[in-house]
Each structure stands twice: as structure tokens, then as C-alpha cells.
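Next, two complexes with chain A in common: one pairs it with chain B, the other with chain C.
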Partner chain A sequence: MGNSNLEMDRKPALNPKKRVKPSNLLYSQNIAPYFFVFPFLISFVIFFAYPVVSTVIMSFQEVLPGQVTFIGLENYKELWNPTFLKAIRNSMVYTILTLIILIPLPLVLAVFLNSKVMFAKNMFRSITFIPALTSVVVAGIIFRLIFGQQEGALLNSILGSFGIEPIAWLNKASTSMFTLVVLATWKWMGINILYFLAGLQNIPRELYESAEVDGASTWRKFVHITLPLLKPISIYVFTISIYGGLSMFAESYMLYGSNKSPNNIGLTIVGYLYQKGIEQNNLGFGSAVGIVLLLITLIITFIQLKFFGMFKKEEAR
Partner chain B sequence: MTSKKRKWTPSSFIMLGIFIIISIFALFPLVAIALGSLKPSTEILRFGLNLKLQPELLSFDNYSFIFSGESDYFTWYKNSIIITVASTLSCLLLTSMVGYGLAVYHFKFKNLIFGLVLIVMMIPVEIIMLPLYKLTMNLGLMDTLIGAFLPFVVAPIPIFFFRQYASGLPKDLLDAARVDGCTEIGIYFRIMMPLMAPAFSSMAILQALNSWNNFLWPLIVLRSSEKLTLPIGLSTLLTPYGNNYDVLIAGSVMAIFPVLILYIFFQRYFIEGMTAGGVKG
Partner chain C sequence: MKQKLLAMLAFILVISVFLAGCSDSTSNDEASEEDGNGTTLELWTFNELHEKYFEYMADLWNEQNPDEPINLKGSTYPYEDAHNKLLVALQSGKGAPDIADIEIGKFANYLKGEPQLVELNDVVDPEREFIVPSRLDVYSKDGKNYGLPFHVGASVIYYNSEIMEQAGFNPDDIKTWDDYKKAGKTVLEKTGIPMTTVDVADPWSFWQQVAQLEGKDDLLKENKELNLTSPEVVKVLKYQQELIEEGIAVPAPGNEHHAEEYYGFMNNGGAASVWMPMWYMGRFVDYMPDLSGKVVIKPMPAWEEGGPRSAGMGGTGTVVTNQSENPELAKKFIAFAKLSKEGNIQLWKQLGFDPPRTDVWDDPALSESNQFTEYFGDDIFATLLEVKEEIEGVNIGEKTPEVMDALRTTILFQALVDMKDPKEALKEAEDQIK
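On to the complex of A and B.
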């Protein structure tokens, strides 16, 4: 509130040329909108535009305390190393696996929850949403302990009852990826169900009723009505899943208790950025990593626009 | 839905079965950690987290250790509360103004500014972490609570949401208030803001939850133990030696607890707030 009062006092002083009485300015519909969007403009310039420009510039520099040298493409050349390629691979595999699970499964579950013959819908909706409330940190702690390598840890003890030897889940690339994907499924499934439910509730009931009159089976109704009409929300979920997947960091950090994992099996793009930029204080090189992440997301967004034409539809609405 | 007689078909039972399995999957990790928090930490370290009841081991010792104040846990809790309250209040005030301004007025740069909001929404924040880190250092905000949330206060999703909500408000009220001699700012604070109360509830929950659970940025900014937030503090306890597992596990449970209680009472706003990014209509 303090801020807004300040603003009110300052505004008239900003426009002395207009020769309007200060009191009139408070009533001006031409000035008011700029007052309202002012917080965004300030924040955009300082905390978005400047950092974006600055990170592009830094990616061509060697940034040492008190000494900045322009080194051209050196940072980018150095990026071509096995560790970074591994980080990219890990992030990509994680993203693809989460897409494969976290889109079809919640979609089907949402259809179930929306079904006429399902009961206790609200209860199940509420329960499946609960994991989304936990922080990645707490979720990471829980899954680290559940996937512990001890014989008595939850997962190993379940496997043990089937006569399977205890597994050191977080020591091998495949099992550690499995752990990460299970964690993601646990945490995000409820939210994605809600997205699809919202999409389903926007489908007019008459469509189904007229299909029933024509004698369409449940399966045909699903394929010919539900799926096509869920396309917009599916694209949205797809987009946020890709973004979330590619910028995954905290999950892996928490599973390993730090940014270090054996043989870098848990290293992600952002993990590498954090390692270089923050841990080793190499801001130039870290910025180059960030630019690569930016380029990857831009390319994916571009491909998506090509295929789905998301924004055209948005504008037409 | 209430008046109609529901049909029980075989598929009802199949779906019910599937959802019971899904619910167990959703809940058992939380049950496991709640149960684990009642066991001695040495037990967890040696045998891992499991669902064995072992009544002879259960006690509230871990909690009484936290409450004894020997660890920094409550300092972290306090910091998290301060940051959550401060960032939520400032975020709501500022983003609601921006969203309202973009929805209600017609002005020259309106579409351009809204386009900028969308761009901020589309670019992963991780990309600008390093320059923001440098900027925060230059501003002297490293290792301060305000530095841990300031860059992200004017967040794009709430702006988007408030804009959408405000464009549904009755415009006649605006004109009526103008005729009555209300200033433009007065119209917002006295008439429109109260009408946007439901949007405020959803966004308050979204912002508070994000802030309470936020990880990467506070991890970068906060350094000394008495400045850490709950998630960062807990993450420092995760050592291979497990010497702090008592605080870690009981502390994790206590970090989720307030959120769960709020969820029980304000479920609708949680759901609305957390799916706010989704395209409506």
C-alpha cells in the first residue's frame, strides 16, 4: 500500500508540461492505465529484460571478479564436452518419459472421473491432488528414503517379499531415471488430471447425447468427441510438461542430497548451469549453458507452433 | 447430480478399483514419512523408510527435539513465513493492478505490454538465474530475505489471471463511479478490488504455495543458516551420514502440515489457483 501512495504523489509531478491541474490527473483515463501497469514495466526492465540481455552478453565473456574479457565463442566451444552432453541427454530422456506417462494417464483418469457411472468423484479428485501440495524438497526427501538401498527401505522390502534382491536405486543410470520419473508422476499427476477435467467439463453434453442417439459406442465417443475436443488443453499440458522437464533441477538435487550424483547420472541442463555458474562461479560459461537451454525451448516452441498453430487459435477467440 | 439415481455398472467397479490404487500411490509416501517421523532417526538410516508399524519404536522424540530449539529449524520456519506473507501480499497488490489495468483500459501500448507478459511467462526463469544472481549481488541483496523473493514478485501468471477476471467485471460500475466523482485509482481500490475477491483468493494460494515451496532462487541467494527458508534448510540436512535425520524427517512433515490443513478448508481455491495457467473456455 505504501508504494501506491507514493505513486499517486509522484504522477502529477511527472507530467508538468501538460498544464492540467494535479487533481484532474487523478481522473484522467489516459494516465491511469500507465499507473496500473507501472509495476510490471519496472519489474520487466530490471528483472527480465536486463538479465536476458546480460546473459547473452556474458555468454561471450570470461567473467572473473573485477575483470571481464570478451572471448567470443570460446564458452560455446567448451560446451561440447561429455558432461554437458550427458546433462542434455538426461534432461531430454526425463522430459520424454514424463510426457509419455503424464499426458495419457491423467487424460484417461480424468475421463473416468468425469464419467456418469463413477462414484466418489470429488473424494478421488481431492486425494490425487494432494501430492502437488508438497514441495519438491519434501517429495525428494521422501522418495530418496523410499528408494533407499537398504533391504528394509519401502520399495526394496516390497521387492524382497517377491524374492528380489535389494537394489541400489540411485547408483545406476536406468534406476535413478526411473526414480525421477516415479517422483514426477507422483507429484504432477493430480494437477494434470485437473487440467483435463477442466477441458472435459467444457465439452457440451449434447455432443455425447446426439452420438448416443446415433448408437455410438463408448470407445467411438472417446475417439471422435473427447480426444479432438481435448486438443487445446492437451497442447497446454504438453507445453508445460516440456518446459518443466527441460528445466528440471530440484528433483535430482534432492534425490542426491546435492548437485553431485555418481557418474553424473542425475545431472540435468539446469544442474550443469548451477554447477558452472554458481558452484564454480563461472558466470560466462554458465550463461552459455543458459542460452543453449533457451535455444532448445525456442526450437521446441517453434516446432509446436508449426504443428499445432496454438497462438493463431488463441487470437481468433 | 444429487437428484439423479446413479447407475452402478461393472465399469464403475473397474474405475473404482483403479482409483483406489491411484489413491494409495498418492498417499503412501506421505503416510510413510509421517510414520517415519515417529521412529528414531538411527532406525531410518539403518533400515530405510518403510511402512512397518513397530509400536515399540514410535515416539514423539523427533518433534520434541525440534521444539527444544537446538536446531535452526524454527528460524527457517519463521523465514519461510515472512517471505511467504511478504511476497504474497506484494504480488497480489501489484499483479492485480497490472491485470486490471490491462483489462479495463484502452491505451496505446496495451497489446505490446500484454505481449511482454506472455513472453515472461514463456521463458524458463532458470535461463536468467545467473544474471539475476549477479544483479542481486550488485544490489547488495545477497543473503537477505527480500532478495529471495523480490525479482519474482510481479509474476506473469497472476497478471494473466487477474486480467482475465477483471475483463469480466461490469463496465457500467466504472462509469457510475466516474459520474460520482471517484478517481481512477479510487475506483480500483474501493469498487473493483472487492469485486475481484475470488480471484484474489485463488492467486493468494498459488503465490503462497509457490513461495513456501520455492527452491532454486532461495538456494542461490540465501547463504547463512539463520537466513535459510524451510526447503533450503531441510535440503542442507540431507547428508550421507544422516546425522540430522530426526530434524529432517519430522521437519518435512511439519513443512507439509500447514499446507494440508489449508487445503482441507480452501480446496476450491487451491484447485483454481494451481490450474490458473490453463486456458479457460
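On to the complex of A and C.
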């Protein structure tokens, strides 16, 4: 495909006469760009724009098999309830905690893994990446068993040998959030390390060399060279971590074996959407939840990008 | 010429990316039809034991109806997944099986709007007089039956006779819930083992005690309005809270009676008794093998001496979806499996369910020994016949799924683990469901 692309671009420029032929649309330089973005446009319209538009419409409807009625803002009015607020709070707390852990820690680890003095680099890279390949379902079930409430459960039996009473990990808001964050850290650490490693390898070695000549310490090199030059990749990781946090669902679902957790301590926004829309067969209401989630994510991302100065004109680096 | 060809190739490549996603799966279906003969009927359920039962009945059907053979393809999914998958398939009008099991707490979801299920009245009518009516009503809308019941689901209490003997108690002496509490105290003092466990993330323990109350109302009133804050319902939750406060009961390990952690706990003699419906027998036999021969089944204690001692609990309606290509055959098959006299005897033999058809209850086949009598002793059905007239019904309405969700997440956990005032917990849930 790459070859045909090149030739198509070149041909009309070399042979201006041929371009005038109205029948030969294939060689038109005006159409070519549209032609090449066409696949993307199609998939965007079918798999993104259409669902979003129909979700907006459904959020104003009561959707039942064979009976669809417009009910105005009724779904949005019902949204203002303690369970939904709790779901928002859970998702927010989870997102913030994962951001606090899953940005700095992988960054530091990536610097270690990129360092010349580190031994067995490739082995550690693989080990940290393996959890990312595990399915959430498998990981969730294993974590459920590790964090069981009986004395015999793995974690409690380890704590027991230090004389600590068994803890019902999944029954309290704090410990259950802890479990979720541990699961997220274990699972996503490797991916984030990978991103940062890619960023680190793009930093020109000459910068460090000249800093060394000037007598900069390792710490100063990290703060004044590594961190600033990692900014673009950090923004990227930050943004996808926000998405990931706000859209978390499967981890909590698998940890509790269903979407039901005591006092809804594991309920996330997507979990609530699923509960209302699918489990209670109220797709209109579920759509309203989805639209609110979309708005929340948009606002947060907008603020964050503004904060990082992404809307400013690109300055010379 | 060459450029034209390349451009065409590029175009075809792009288009094929989309077409690849649209390829249909007919080739798969054809392959599978070859390994069984007869009309293929697809079945979805959430219980492995149900699937085995239907497979057994399909073999029986094929023996008796060689001219209309069926090839049953069953799949078992986890409880929530089975229901959600089916709901999405019915809502979108694609991908649903011919036959599906829907649990009672979820059934109302499928009756909203125009039910996407096939009306079963024509196969029910010939047998209607023999079936316990309330068991058909819970799966009906506007006089049309959409689901066939598995069982009456009479609730009973299972005692670990070894622990009861150790404490010097005869389960037959426990007549009321007050007696039960007193006995529980003694059991705890003498053996150090809690008398029972209660669900804190599942409705059963609570729903049974509520349904057992005299009168037509339980979690919903007779007119399907919420009834969570009535004094009787609050009293039941208060009773459970007191049991926990005094250590007579503990929240079920894993938070419910269907958790892996619970099976292990109970199997090791973790508690002296548990009240669950008849259909829970299967869980004992399959998941708690060490208790074989040690468990006795008795009617539940009554709230007042002489009060009702059981309630028809839970249940699963088997339905035929409107996407079935052979709805008539599917209907005939599930009627054979669940309404016929033969089917009802097998429901008992295979699954240990108390069959919904009353005229088989005194059939000699029900007193034959099977895996359940081996585990629980010979007088299981005697216990059932004893409470036959005392089985209270339940009210199922459009609010039922939401009430079940509230019981699974907030009400029970708050009252029985966080020790919140039962009335407040129920009130908050009721306000939110409204």
C-alpha cells in the first residue's frame, strides 16, 4: 500500500496533462486525502459518532422492548441519588489514588530499568509487564481468594503469623479500595513503565554527557533533564490513566463476583450504568449515566490539558 | 495500467478490513449440527445442575419421541451474566437461545414492556389443575404464562445433628423463633459454635423469614407496592440483628450462602444450622460432602406457635424466547421436562426439588432412595408433606429486582454487619427505590 501511495502522489505532478482528464478520478490530488482518511471516518461514524448520538437520544427516553417513549429530563432528575453520588465518589477516589501511584512509581522504575548500572534489565522488564497480559477476570478471582475474609485466606494467614487478626478486606470501604488499587498497581505498572521507557530512550544522550562535563549530580540530571523531557509522555500517561480510572468496572466486578458489593463500596460509575441499564433493564436511565460520565471525563481532561498548557501554541523545544 | 491496478488493490484491501468484521458464523452452526441428530435447541441457564437435568430430559424425550428428536445444546453461565446476556439479546432482537432459565428475582425485568418471550398457555392449560397456582402466577403477565417453575421451593431448616447432639438439643423441640434463639444460646455456650449463619449480601435468609409471616404481604404488598418499612418486616431484621449481637448467628463467610468460602466453612462444622429453601439440598450434596448423614431437614420455626412454618422461595422460570426458530417444539419439550408427571418425578430424583405438581407428591417414586435420601435420610418428603398447607407465597412485581439489589448491597449489610438500626436501613432503601 505504501508504494501505491507514493506513486499516486508523484504521477500527476510529473504528467500534468493526465490530471486534466475528468474521467480519471483515481489520480486526483484533491480526492486522494479524503480517500485515505475515509476508512477512519467510516469507523468513527459507525462505532463512535452514531452510538454517542443514539445514547444522547436514549437518555431522554424510557426504553423497553417494543415500547420507546420520550420522557424528557426524567432520567436526569432521577440521577440525583445517594447511590450514584457514591459511585462517582468511588470512581474519583480510585482515579486519584491510581494517579498518585501509577505515575511516579513507574517513572522511577523506568529510570532504573533504563540505567546502565542496572543488572538483568530485560528480565525485570518482562516480569513487570507480565501482569498486563493477564485477563482481568483471572486476576480478579485470584485477588478475591487472596483477600478472603477467613483466617485461611492467603493474606490473612500471612498477617496471622505476625499475630494480626483476620481482616474482612472486601467488606470495608478503605480496605476494599486498597485492594482495588493494589490490583490496579499490579496490573498496570508494566504498561506505564513501557511508556516511560520509550520516552527515556528518546532523550539524547549528549544532554547527559554535557551535564556531566558541567559536573551535575545524578539527582540534578534527573530533575533538570529527564523530567522536563518526559513531559509529553507524562501528559499522555496522565490522560489515559484518568480515562482508565474513571471507566474502571471489570476489576470491581470480578473482585466481588458480581456488581453487588456491601454498601456499594465497590460500585463505580460504569458499574452503576451496568446495574441500571442492563441488570434492571432500564437502558434510558443507563444512557443518562453514560452521558454524565462522558461530561465528567471531558471536563476533567479539558482542565488537565489546560493546566499542562496543551492549548498554547507549540513553543520551540 | 499498473497504477490503476495498485489503486484497485489498495481499495479492495481497505474494504476487506470492514467485511472481515461482518463475516457470519453459519459455518460453525453447520458443523455442530452434524454431531447430534434432530432439531437443535439452544439452552442457557445459570446452574450447572439445571443443565444436566435438561440434558437428561432431552435423552428421555428422544427415546419417547423418535419422530421428533431434539439436539439440546446447553450452556451454563454465572448467575448475573446469564441474565444480562439474555436481556441484551432480547432487547436487541438477536442472539437469544431457544430456551432459557430466568431466576425469580430477575423475572420482572423480562416482563417489562412487551415481553420478548413466547406465551405458554397452550401447553400449560392441559396440566393447569395439577400445578400449584402461585408458582405459575409469578412468571405471568396479564393472564399469560411465560415461565414454567422448577419447584415449590418450600423453605426449611437444615440442622447439623452432630453439633445439636453435643449441645443436648433435639431439633424437634424448637417450635418458634424464640425457642430457636434460646437453643442457639445454649449451643454457643456448650460448643462455642454459632447456631447459624445469615446472608448479608443475598436476600434468602431475610426473605424466607419475611415471606413466612402470616398474611398476604411480604417485601412487596399484595398490590405490588413496597412494604419494606412495615413493623413486621422491621421486626424480622431486628431479630436477625439480635442473633448476631449475641453471637448466636454470624454473617455467612463470603457474605452469602452461595460463596465458596461459606461451603468450606459449613463443611467443617462451622455452624449448627442454616435455613434455606428445599432446593439448597443440592448444594449440600455437591459442595459439602463431609456432612453426609449428619444433616437433618426440619420445618422452619414459626414466628408464633402454630404459625406458618414455610414459604415458597425463589425459583426459576424456564422460558421460550420469541427468537426461537422452533418455538412449538421448544414449548413441548419444556412442558415435558417440567409439567408432565414424569418430569416432576425426575425433578425430585435428579435435583431434589419439591415438584410443583401436587398429584405426584404422594407418588411411591418420591419415597425411593436416591442421592438425597442417602445424604439427608429417608424422611425428607415427610417433612415437606407436614408443612404442605403452611407454605406461604411471595409477591413478585416490577420493583422486585430493585428490592433484591438493595438487599444484596445495602439493607442487610448495614443492619447485620455495620449494626445500623434496622428500621433506618429499610427506610433509606425504600425511599431510594420509590
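The criterion applied here is as follows: the second predicted complex is superposed on the first by the 262 of 317 C-alpha atoms of A that agree within 3 Å, B and C clash if a C-alpha of one lies under 4 Å from a C-alpha of the other, contacts with A are read in each partner's own complex, and residues count from 1 in each chain.
Quick note on the criterion: a residue touches a chain if its C-beta (ideal position, glycine included) is under 8 Å from a C-beta of that chain, and two chains touch if they have at least 3 such contacts.
Owing to the predicted nature of the structure, the values given are computational and were not obtained by experimental measurement.
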>> Per the contact definition in the header, classify A:L26: touching chain B only (first), chain C only (second), both, or neither.
In response: both
>> So in the superposed three-chain picture, is A:P39 touching just chain B, just chain C, both, or none of them (first/second/both/neither)?
In response: both
>> Between chain C and chain B, which one touches more residues of chain A when both complexes sit on the common chain A?
In response: B
> First (chain B), second (chain C), both or neither: which does A:G271 touch?
Replying inline: neither
>> One more residue to check, A:G245. First (chain B), second (chain C), both or neither?
In response: neither
> Taking the superposition as given, does A:G148 touch the first partner, chain B, the second, chain C, both, or neither?
Replying inline: both
>> Once chain A of both complexes is superposed, is A:P106 in touch with chain B (first), chain C (second), both, or neither?
In response: neither
>> Under the stated touch criterion, which partner chain does A:P82 make contact with: chain B (first), chain C (second), both, or neither?
In response: second
> Given the touch rule stated above, what does A:E279 touch, chain B (first), chain C (second), both, or neither?
Replying inline: second
>> Shared contact residues on chain A, chain B side and chain C side combined as an intersection?
In response: 1, 3-4, 8, 26-27, 39, 42, 148-150, 153, 257-258, 274, 278, 283
> Which chain B residues qualify as touching chain A in the complex?
Replying inline: 6-9, 11-12, 15-16, 18-19, 22-23, 25-30, 32-33, 36, 44, 46-52, 93-95, 97-98, 100-102, 104-107, 110, 113, 116-117, 120, 122-135, 150-154, 159, 178, 183-186, 188-189, 209, 212-213, 215-216, 220, 231-232, 234-235, 238-240, 248-249, 252, 255-256, 259-260, 263, 267, 270-271, 274-275, 277-281
> Hey, which residues of chain C end up touching chain A in the complex?
Replying inline: 3-4, 6-7, 9-10, 13-14, 17-18, 78-80, 83-84, 87-88, 90-91, 109-110, 112-116, 200-201, 253-255, 259, 261, 264-265, 401-402, 405, 408-410, 413-414, 417-418, 432
> Once bound in the complex, which stretches of chain A touch chain C?
Replying inline: 1, 3-5, 7-8, 11, 26-27, 38-39, 42, 63-67, 81-83, 148-150, 153, 171, 257-264, 267, 274-275, 278-281, 283
>> For the complex, give me every residue of chain A touching chain B.
In response: 1, 3-4, 8, 26-37, 39-44, 46-48, 50-52, 54-55, 58, 109, 112-113, 115-120, 124, 126-139, 141-146, 148-154, 156-157, 186, 189-191, 194-195, 198, 202, 232-233, 236, 240, 243, 246-247, 249-250, 253-254, 257-258, 270, 273-274, 277-278, 283, 286-287, 290-291, 293-294, 297, 301, 314, 317
